Amino acid sequence: MSAPLTLPLQNRNQAISLEGVYAMYKVALKSRMLENKFSSLYKAGKILGGVYVGNGQELISGALGACLRKGTDYYAPLIRDQAGRLAFGESLLDSTRTYLGSVKGPMRGRDGNVHRGRPKEGLFAMISHLGTTASVVSGALMSERIKGTLKGKVGGTCIGDGGTSTGAFHEGVNLAAVEKLPLVVVIANNQYAYSTPNSGQYACEKLIDRAKGYGMEGYSVDGTDIVACLDVVSNAVDRARDGAGPQLIEANFLRLSGHGEHDDAFYVDEAIKQSKLGSDGLVNAKNFLMEKGMLDEKKYQDLHDSLQAEIQEAVAQAQQEPDPDPFKDDWRALSSNLV
Amino acid sequence: MSITYIEAIKQAQDECLAEDDSVFIYGQDIGNFGGAFKATQGLKKKYPDRVLDAPISEDAMIGVAIGAAINGMKPIIEMQFADFSTVGFNQIVNNAATHYFRTGVPVPMTVRLPSGGTPGSGPFHSQCLESIYSHYPGLVVMTPATIEDAYYMLKEAVQMPDPVIYCEHKFLYRWLKADKLGEPDLPINKARVVRSGKHATIVTYSAMVHEAVRAADALKEESDWDIEVVDLRMVKPIDIDTVLASIARTGRVLVLGEGFPWGGIVAEVVKQIVADGFHLLDAAPKTLNSKDTPIPFHPKLWSTHRPTPQSIAQAMRELLHQ
Amino acid sequence: MSAPLTLPLQNRNQAISLEGVYAMYKVALKSRMLENKFSSLYKAGKILGGVYVGNGQELISGALGACLRKGTDYYAPLIRDQAGRLAFGESLLDSTRTYLGSVKGPMRGRDGNVHRGRPKEGLFAMISHLGTTASVVSGALMSERIKGTLKGKVGGTCIGDGGTSTGAFHEGVNLAAVEKLPLVVVIANNQYAYSTPNSGQYACEKLIDRAKGYGMEGYSVDGTDIVACLDVVSNAVDRARDGAGPQLIEANFLRLSGHGEHDDAFYVDEAIKQSKLGSDGLVNAKNFLMEKGMLDEKKYQDLHDSLQAEIQEAVAQAQQEPDPDPFKDDWRALSSNLV
Amino acid sequence: MSITYIEAIKQAQDECLAEDDSVFIYGQDIGNFGGAFKATQGLKKKYPDRVLDAPISEDAMIGVAIGAAINGMKPIIEMQFADFSTVGFNQIVNNAATHYFRTGVPVPMTVRLPSGGTPGSGPFHSQCLESIYSHYPGLVVMTPATIEDAYYMLKEAVQMPDPVIYCEHKFLYRWLKADKLGEPDLPINKARVVRSGKHATIVTYSAMVHEAVRAADALKEESDWDIEVVDLRMVKPIDIDTVLASIARTGRVLVLGEGFPWGGIVAEVVKQIVADGFHLLDAAPKTLNSKDTPIPFHPKLWSTHRPTPQSIAQAMRELLHQ
């Protein structure tokens, strides 16, 4: 059971063990369950802003988060990267506190939901404007190079199919390539940008066709296949870490929910839903682990229950914490004392 | 048969499309989906070739509008949120806005900016950008505060030969409701006296018009102050004459805006008031804006960050006792 | 002598005749001579702004201008496209008047040198910010489509190697591809962006590798070879006109002058200067035409003298025209009457 | 051993690099080439790993600075011209400027903007963007008018924990020359009384300080008026106390700027003056900016478009006779 899986990909430095797959599955499941919880809280009117979940994106997202090393690497997640955040080491409380507006959260109520981060721990806090993270992570990596401490470090970020249309993304990725930075960029191609299908965002056959045009190494991966995700991402991260320069990964899968919890996604093509692309990677992973004997229904139920308890606790704690107090808040946009 | 502010915007666009073949709408998710706020719902079906989904490319979306406008069309660009227009900023302020002056060829395009704060929207889905765009020569900037203005101003914006930045306030979208669309009562370049009074004037625009009226009502109730409220409606150019006429009646003025406090419309109005109406003033003009920080996500912070009827009334008390 | 040249490129609808090559050479030479004149005027302190010349770019630039049809097509030239402008049909006077600030020029002194245009004649007036033209021309083409008058029309624009790094360029080209517009984009790869060599702008082997990633048809061409330029560009324009969608062309050559006339270009690599890439396409073209019997020294001298006279006249006329008068100028940024 | 304004900028950068390993410079053509204006000439040789050429990607350049600054560095970004910063606008105003407020982690970066008009530079190489950036919470905006300020303010900007927009005026680059760099005389957040007077005050900043002094000299000569000139130096935040103290002495004020007339620094200063110094005013505050059109290319148009010693003197005459 602990024998390393043999996987087809070349150039792979690390073998993916079944334990590794199982660990990753736990993170993905935890992410799904946490976001389901946010979704119900949203429907109950208990969340202050919007809720954008990563249903379908857990495997590729979690794989990137899992392959990056907190304390060494940089990670700039995007809106559907709850799984990657958990895998990278973000606490459940950071998440629940931010969604629920606790003043004890990393954003202290000043920003919400998916915008949270702990920049001093290598976890960047995104802004809404798509495409801006590739250059920010590049800047962190360039500063490591200047300090002479880049060796062995990697930066990772994610972008949607829609986000690839932004000029900011192009500039950031191109710059990373020019600087030969150890940046791993995951294109989470979930077939839609809000309601817009891929045909409205790009005219190439596959987005990974752009890797060559940037001078990056590029990989396609089935985002519903847990082993493939781990394999391709760990390979790319290893290659970046070893000095092979920036890596582009395109993962294909379907967004299994609306754009946000307010959206019923009526526009999603039924044919895609029915295809392999539309399958639920989490179900696939569960089946795989059951086949391999790593999981049975009892074990799954135990896992589920323990995760549920953890989540419940983190939600409950955030809910009982104080809101920010506008009269005690330090209303200053500058950290310098100039006035 | 009722109508909301957002429905007025939809209806105006529908009629623009129906009446003028050179009008088209371009924006993210505005086709089948009907737009993030449903301002174009159903329009793709009626005008399949003229309601077009755009990629997430704000810079290029504005570029498209410029090329089309030069070529005789009257494009309407929907930004999904005003905040994202910063990505198309360069094309707006340096390309669209300068084109007429540089070449003599006008650029009749309208950029719709879903603007302003709503609770829980945070720093990047709540911004007011009218001050930024007004700074640049070559742009007309509209900030409708009523259902009728939303409708009539948009229809005129689309027909105007210049680039118009049309700031529609998200908070008003469904909050403003009426039985039916009223008649137009003023040319779009005239400010409107929304509430007449004699002790002081509040000059404002967009959603803050309603907060100002609430504050004025409260002050009436509280201590019988009669506060006049002037809605600028269009913030560039400004109808300063109506503002000055009001101050001639009241002698005191608060200029109010939802946006950031530094520079911008509010400061510009004060500048114009003191330039031409200094002698009319019985007290120093006061101003009120949001705080000078990014817009906070948490509703408790947000509602202190922006002006409220309470903070407006407090500013008015100070003004009246000066 | 009037027999059509046989050229290797496939899919070409039009054969390039020697007459065509000669006509194109005349335009390129005229452009070079005009810009030489601007350069001397600049050195004599007689030009009000900067001067940025197209030395080296005349062939590829002229080819695009020549293949577009004024009155039908749209053309958005960039800073080194004097040859394309002439080929498209811009008058010498529009050029001299703008450089010399005549109030009679198309920009009436309000804008200078390379920013000129006649948008109502399909000749767009660029702004300085690089990368913005692809989307503008796309907008013109989309409006033709909406009007039902797109058939047979083409748009053309140019970008430098450096300009490909802009987000604006990426957004514009991607959008043209999504909309399948008849847009022909020429990347004038002159090896430098100001002082920055290609290695500082991109990490792919060839920029044309990006065509696939945009879903465009792509061609490389030797920018110092007049026949190849005409051939590749006319083919791409024909294909766009025939409905094959957007076309990307990368022309390689060397910028044969400084970035502007203030720049001595000390940083240009000597090896590139000595290579084929560094050769002067105008000299190559002259040699080719001489070989083919279309030109001899006498004919060249006559051509030169007549062009010189034309240029001299256009310069003289612009010089004797009035400057704009700030007290008579209509200082309005809006065309509406709102105040 | 003389020094110019641009040399002061270069020297400040040289010393910043020498004194602090966390400083680096990133910009187009700033390496071997030394920058479009030679503000980094020779620095690449001295600090090969910390003077880096960037691709033509202003958005990404700012992104790099943000990522580096969060990570403990103190990047200096050179924009080739201030005008091109509109392409990096979103990263500046929405990412860099909001980061400290949102996360508590400051972003110590400096963006150098070669700003302002010079003859023949036209609409896209002449702009003043300090008003636009000042509007946004979270940015410090500096506008040095002297060789010493160029030097000392830049050195402080680089060490400041917040994003600083440093607007250096291209017209001053080689026009300001001195035998040697003077001593610092004021904290950078204090406005400076450049010329003392008693009849009226001109409040201004950057290159217009020199035009104001010329106008003041002319008025002295012409009719013995004593005009005080106050240089704001930093335009966000503003040292309004020094402005008010001057107005307390003179009772009259012209606020002057080179940028576009709508909103911005000039209107903000008027707003702050009337808020706190209304009782000090003997006449309505006046303002002077460029015309409200794009900046024209032709020197004859350009020199009428922007304020000149003549138009400043004219505005002062009107102010003094009010």
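Just so it is clear, A, B, C and D label the chains in written order, and each chain counts residues from 1 on its own.
Just so we're on the same page, a residue touches a chain if its C-beta (ideal position, glycine included) is under 8 Å from a C-beta of that chain, and two chains touch if they have at least 3 such contacts.
Please read all numbers here as calculations on a predicted model, not as lab measurements.
Note on connectivity: the fewest steps through touching chains from subunit A to subunit C is 1.
The chain with its Cα centre farthest from the Cα centre of subunit A is C.
Averaging C-alpha coordinates per chain places the centre of subunit B 41 Å away from that of subunit C. Centre-to-centre spacing of subunit B and subunit D amounts to 30 Å, using the average Cα coordinate of each chain.
The centroid of the Cα atoms in subunit A and the matching centroid in subunit B are 37 Å apart. Residues of subunit C in contact with two or more other chains: 107, 110-111, 115, 127, 129, 131, 165-168, 171, 174-175, 178, 200-202, 332-333.
The set of subunit D residues that touch two or more partner chains comprises 54-55, 57, 59-60, 83, 86-87, 90, 94, 97-98, 101-102, 123-124, 137-138, 291-294. With chains as nodes and touching pairs as edges, the resulting graph is complete, every pair of chains being joined. By the touch criterion given at the top, residues 131, 165-171, 174-175, 177-178, 180, 199-205, 207, 209-216, 245 of subunit C touch subunit A in their complex. Every residue of subunit D that touches subunit B in the complex is listed here, in rising order: 83, 86-87, 89-90, 93-94, 97-98, 101-102, 123-124, 131-132, 134-138, 236, 260, 262-268, 270-271, 274-275, 278-279, 281, 283-287, 291-294.
The touching residues of subunit D, when paired with subunit A in their complex, are 21-22, 24, 49-50, 52, 54-55, 57-73, 75, 90-91, 94-95, 97-106, 137-138, 140, 160-162, 189, 234, 237. Of all the residues in subunit B, the ones that touch subunit A in their complex are 28-29, 32-33, 36, 53-57, 59-60, 81, 83-84, 86-87, 119-125, 291-294, 296-301, 303-305. Contact residues of subunit A toward subunit D in the complex are 74, 106-108, 110-111, 115, 117-120, 124-125, 127, 129, 132-147, 167-168, 171-172, 174-175, 178, 332-336, 338-339.
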